[in-house]
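Quick notes on the structure that follows.
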Amino acid sequence: MIVLDRCTKYFHRGSVNEVLALNDLSLEIKDGDFITVIGSNGAGKSTLLNALAGSFILDNGSIAIHDQNVTNWPEYRRAKLIARVFQDPLLGTCPSATIEQNMALALRRGKTRGLGNWIKAGERERFREDLSTIGLGLEDRLQDSVGLLSGGQRQALTMLMATLVRPEVLLLDEHIAALDPKTAGQILMLTREIVSEQSLTTLMITHNMKHAIEFGNRLIMLHQGRIILDVDGDAKTTLTVDDLLQQFYRVQGEELANDSMLLT
Amino acid sequence: MTIYAALGALEQGLVYGIMVIGVYLTFRILDFPDLTVDGSLPLGASISAVAITSGMNPYLSLIFALLGGFIAGTVTAILNTKFKILHLLASILTMIALYSINIRIMGGPNIALLGADTVFDPIIALGVAPHLASVLVFALFAVLVMASVIWFLKTEFGQAVLATGDNPQMIISQGVNTHLIIIVGVGLSNGLVALSGALVAQNQGAADVGMGIGTIIAGLASVIVGETVFGSNSIARAIIAAVLGSVVYRLAIALALGLEFGGFAFSPSDLNLITALLVITALITPKIKARLIAR
Amino acid sequence: MKKLLMILCAATVMLATSALAGPSVISVNQFVEHPALDAVLKGIQDYLKDNSVDAEFKVHNAQANMGTATQIGQQMIGEKSDLLIAIATPSAQATAQALSKAPADMKRPFLFTAVTDPVAAGLVEAFDKPSEYITGVSDLLPVEKHLEMITTYKPGIKKLAILYNAGEANSKAVVATVKELSSTFGFEVVEATAPKTADVYAAAKSLVGRCDAVFIPTDNTIVAALESVIKVGTQNKLPIFCADVDSVARGAVAAMGFDYYKHGYQTGAMVQKILGGTSPKSLPVEFQEELQLHINLKSAAAMGAPAPEALLKTASKIYE
């Protein structure tokens, strides 16, 4: 179980641009939860994921992963428990390195890296097998430089790399938003497969209300740094887009003037 | 150009090639512009000179020189990672401080090594002429350093170093402490530069506090010439290109210094201008080539 | 008849080849430009001219930079001239190093000049033991004579400062001797060093209030930036004494020193001998004998150090 307890984070504290990104937010994530995260721009979705990952230190509150208090752990230390796929498809892989080098790096996530050879016996074969499961033909291109791949291919690779070492939680930050519809669909299918096969605890941010409803067992909606809606189980499966909008009005009692929410 | 001048350029190219590998490590691999080298080259020279004149074995003095350079590099890296000082500024600060430190180490702005023990003695004792002994010794060291660095970059740690310079966010998410990587990387780079300085001092018969001025320029020029002429597709190729680039750079300098157009001749103080022109040429040539091919 | 023809032919050929042989080529590694060192070079050139020795000079200036001096040393070996000359200790050391590493067929005779202590600098084993390729003329100061002059000029002086570049072996040697003699003369030694010409002004200023007078040995770095020291001296009524007479013309109060033109002239004689075929091995290091006292009255007044009658009488040259 992953517990966020009363987390608060300000950005640009004390200046004219001060923003309260997380406002006393608490969240309990059970093992195996696949949570879709929605909310308007600036609601705090990415901030929530970044707080979990350790990209910054909270101003207040605590985070525990399986009873381990990671609140003050730097990002690289939490990485052995957390896997991330970013919105920018280029951010998850090293362009100057080859596919197999990237995978070798990911295989060692969270482990001390010593002076042994960068790849060990049998790993290449394993990479080939894993790559063949995503069906992009990358298993024949192990020695190709990742910089030569398209955004979609790199994102697929990032997804695969994220799960070479089983993470306690998988963080997906709008990971298909920058891809064309066809590739986005492929990556989304890949996500569903990987998460269900390995029963990964997952948080997925999406702007797409349909995806938010279709995927996962739980849905949370953020607004101004707080969770204003938390639905799971049957209540979630029977949700419609209209329901979500109405829930929003009900909790906040205000007009929702966000185009992107209405148009999806 | 005479054989003597060419041999001299080869000798310089090889010994400074070790420095160029160091510059390649920071400038290209870690994406960390590091001016510390202008101070760590004479640091290595000072440490080695003081050690030798105090009776230490010249080969042993090299190890201390390397250590000194390593420490200087870590200072710059710590200023940058822990104290958030811009890398360029941090390196300048360390470089400036090293000027005074080097004078303290030597007890003055220079130490003469005329007639002192050097790493060339065992080779000369075998009967090799002095001007060939230095080329041989430097070639051996250059090969040793190249092989070590190429091996290092193929280890797990080395791959993390490459990734840190290529995509820091990615490697952080893979659990690597990039601050540590940068500290070790910049330290290693300056260690190599200091080693180079120690060898240069033993060759030229003196360690002088000002001998490092322009090191970063020479290093960058050599890296760029090496990449342009020899390519940098793989790690091994890039490291070897660094040393070869250094040799080509020194050959070009020697050629320029030997030129005479009707009364005008370059003097050693024109070196900076010649280097700048060389780097500009090396940077522009690929672009001109591409344009000509496009037509 | 045939024999005469043959002799005539041989003579013509010999004359032709010696004419084609041309002037001797001399490469010079001068450490820095200042009047004393420039005078040395002129002295050498004038001696050769006066003695009808045909010589072409390739003069390189290191601009007071050790790295440049090293580069010039190597370049000069490549020039394959008939004789190498280095003016001042740092250039001499750089040239000696380049010479030691040169292949046998490129080695040439090497003369140092204006070098204070060639033994301490590592150029020769002993003054009377020059090596196969290296010998020269030393401007070793009889330090005692300088200190005698200074203590006569300013009797009862308590603190004498020495301004020098700790990186010049020549200066280090003189400073050591001054320190040894300081108790005999009854003063305390204060030191200030400047590693390069740009630092001379600050070093000079650091001596204000810490001493009664400043002595500058034959230090190339300080002498190259002498004007800045003179400025400090005049502004603070601090007398500046030098060890070379050219500095008095530039503003030092007084100096007991060599005429560096004569130093060069003396070197020229050695040059002629070596070009004529004498090996450096048979030419022990020479010294300059005559010391001259020069006094600059204008500076004396400006720096608050009026010249005593006794010294004025013995002075070889007095600047008004």
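We call the chains A, B and C, going by the order they appear; numbering starts again at 1 in every chain.
Going forward, contacts are C-beta pairs under 8 Å (C-beta built on N, C-alpha and C of every residue); 3 or more make two chains touch, one makes a residue touch a chain.
Every value quoted in this text rests on a predicted model; they were computed, and no experiment measured them.
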Report summary line: Relative to subunit A, largest Cα-centroid distance belongs to chain C
**Report entry** Chain centroid nearest the full-protein CA centroid
**Finding:** B
Report summary line: Distance between the CA centroids of subunit A and subunit C (whole Å) is 76
Report summary line: Separation of the C-alpha centres, subunit B versus subunit C, in whole Å, is 36
Report task. Determine the centre-to-centre distance between subunit A and subunit B, using the mean Cα coordinates as centres, and give it in whole Å. Result -> 43
Query raised in the report: Could you say which residues in subunit C touch two or more other chains, in rising order?
Result: none
Report task. Quick one: which bits of subunit A touch subunit B in the complex? Just the residue numbers, please. Result -> 53, 74-77, 79-80, 82-84, 86, 91-97, 101, 104-106, 108-111, 113-118
Query raised in the report: Which of the residues in subunit B come into contact with subunit A in the complex?
Result: 152, 154-160, 162-163, 166-167, 169-178
Query raised in the report: Which subunit C residues qualify as touching subunit B in the complex?
Result: 60-63, 65-68, 70-72, 74-75, 77-78, 93-94, 96-97, 100-104, 106, 121-123, 165-167, 169, 172, 193, 195-196
Report summary line: Counting only contacts in the complex, subunit B reaches subunit C at residues 2, 4-5, 8, 103, 107-110, 112, 114-115, 129-131, 134, 203-206, 208-211, 213, 257-258, 267-269
